[in-house]
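Please go over the structures that come below.
You will see chain A twice below: alongside chain B first, and alongside chain C after that.
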Partner chain A sequence: MATLDELMKLPGAMAAFEFRGSGELLEQRIAYPERINESTLDLLAHMCAANMCIATMQARGWEKVTHMKGFYPIQECTLIGFDWSVVVSGLDRERLKDKDRGKTSLPPFTGVVLANEKADYEAAFATMENPESTP
Partner chain B sequence: MSIVTDLLAKPGVIAAGEYAYRGDRFSYRGTLSDEHARMASIMCRATTMGVNMESRMLEAFQTRNGLYPPRGWVVHGPDYTVCVMANVFCMLDNAQGSINDMIGFMRQALAKVSSNLI
Partner chain C sequence: MSMIRRILALDGVNVVCHFRDDGYLLEGYGLMARDDMARLAQFAHDYRRMAQGNADQLAMFTGMRGWTPPHGWILRGITQSVCSIGNLVCLVSNADALLNEIMLELREVSHW
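Let's turn to the complex of A and B:
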């Protein structure tokens, strides 16, 4: 699992967080507390949890209807705002489901808030997908 | 050239299109059927509306947060990525294209588009 500290090393990282599928914020790192605080991250985590569910449903439906493969499961979901972006991943949950179906306690989602000017989305995806490959 | 034409010229882009926020029109180019393009435009529009609602809620809770006004969203699958900015969507083959380049291009090309959903 990509650790929050690894995510905070990404260019432009402003905050990193973990949250449950219910949206509950579990843990966070914040680089600029005057710009983004725990309460904001809590609301953001609930939004991201909802978005991951909707995106997963859409990808599943899209693949079923079109027979195009390669959209499901959603690996990362990103919201792009005027100055910031937030990238969230549930890939570890999918890996656990594949490996150990029926397990009731899934790992948390991870997320990172990035400043758009410095954001490297592919690096964020790579950190979330292959944390061992990051420096 | 339209932005859809520009997007289709980029490596890895398999389809791109535009939709009206009010949901009555869409256009596209690329390797999708008309029906699948219609479905894609409906899903992209619905998600964009949701993202806008979320961003406004976040702004109401904490003003001057950098996620407002919203510009777009991206979903990254194992082989394909859907990238939406304003009312423009594109589908990218992950192995052929660059997500960073795509987001950067769309952000720049659509920077002056109003964030009002009309």
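Let's turn to the complex of A and C:
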């Protein structure tokens, strides 16, 4: 699993966080507390959980209707806002599901907030997908 | 030649569609049936509305500027991703795609 400290090394990283599927914020790192605080991250985590759920439903439906593969499950979900972006990964959950089906306690989602002017989405995905850091 | 066709020339891009503000497909290019392009356009439109609404509420509840209006989104599946900026959406293969370049190009073309 990409650690929050690794995510904070990404270009333009403002904050990194972990949250449950329900949206509950578990842990965070904040580079610029005057711009983003824990309370904002908490609501952002809830928003990301909602977006991820809807995207997963749409990917499921898309594969069923079109018979195309490779969309489900959604691994990462990115919202590009006006000045900030948030990249969220549920990849560790999917890896664990594959390893131990039926396990009820899944690892958290991880997310990183990036300033758009420096955002490197490929680097964010690569950090989150790094197989060497799988638990 | 349509301007959005140049997005199709980028590595990993398999399909690109331009849709109206109500989700209706205006034009689409790439390896996909027209019916599926219409579905892709509608899906992109629906996801954008949902994401935009959630970002609006985030901004309202937190008072944090810089989230709205959102420019776009990326959904990354196991081997395929869907990227959108404005009224453009494209479907890309993860293995070949240079996502940063694709997002820059989508942003530029969406302003035309």
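We adopt the following convention: the second predicted complex is superposed on the first by the 130 of 135 C-alpha atoms of A that agree within 3 Å, B and C clash if a C-alpha of one lies under 4 Å from a C-alpha of the other, contacts with A are read in each partner's own complex, and residues count from 1 in each chain.
The criterion applied here is as follows: a contact is a pair of C-beta atoms (placed from the backbone, for glycine too) under 8 Å apart; a residue touches a chain by one contact, two chains touch by 3 or more.
It should be emphasised that the depicted structure is a prediction, and the values quoted were computed from it without experimental measurement.
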### When chain B and chain C are modelled together on chain A, clash or fit
clash
### Query
For A:E122, is the partner it touches chain B (first), chain C (second), both, or none of the two (neither)?
both
### Task
Kindly classify A:I80 by the partners it touches after superposition: chain B alone (first), chain C alone (second), both, or neither?
both
### Query
In the superposed arrangement, which partner chain does A:N130 touch: chain B (first), chain C (second), both, or neither?
neither
### Query
Intersection of chain A residues contacting chain B with those contacting chain C?
35-36, 39-40, 43-44, 47, 50-51, 54-55, 58-59, 62, 65-66, 68-84, 116, 120-122, 125
### In the complex with chain A, residue positions of chain B that touch it
36, 39-40, 43, 47, 50-51, 54-55, 57-58, 61-62, 65-80, 82, 85, 94, 98-100, 103, 107
### Task
Could you pull out which chain A residues touch chain B in their complex?
14, 35-37, 39-40, 43-44, 47, 50-51, 54-55, 58-59, 62, 65-66, 68-86, 113, 115-116, 120-122, 125
### chain C partner contacts - residues on chain A that touch it in the complex
35-36, 39-40, 43-44, 47, 50-51, 54-55, 58-59, 62, 65-66, 68-84, 116, 120-122, 125
### Query
Contact residues on chain C for chain A in the complex?
36, 39, 43, 46-47, 50-51, 54-55, 57-58, 61-62, 64-80, 82, 85, 94, 98-100, 103
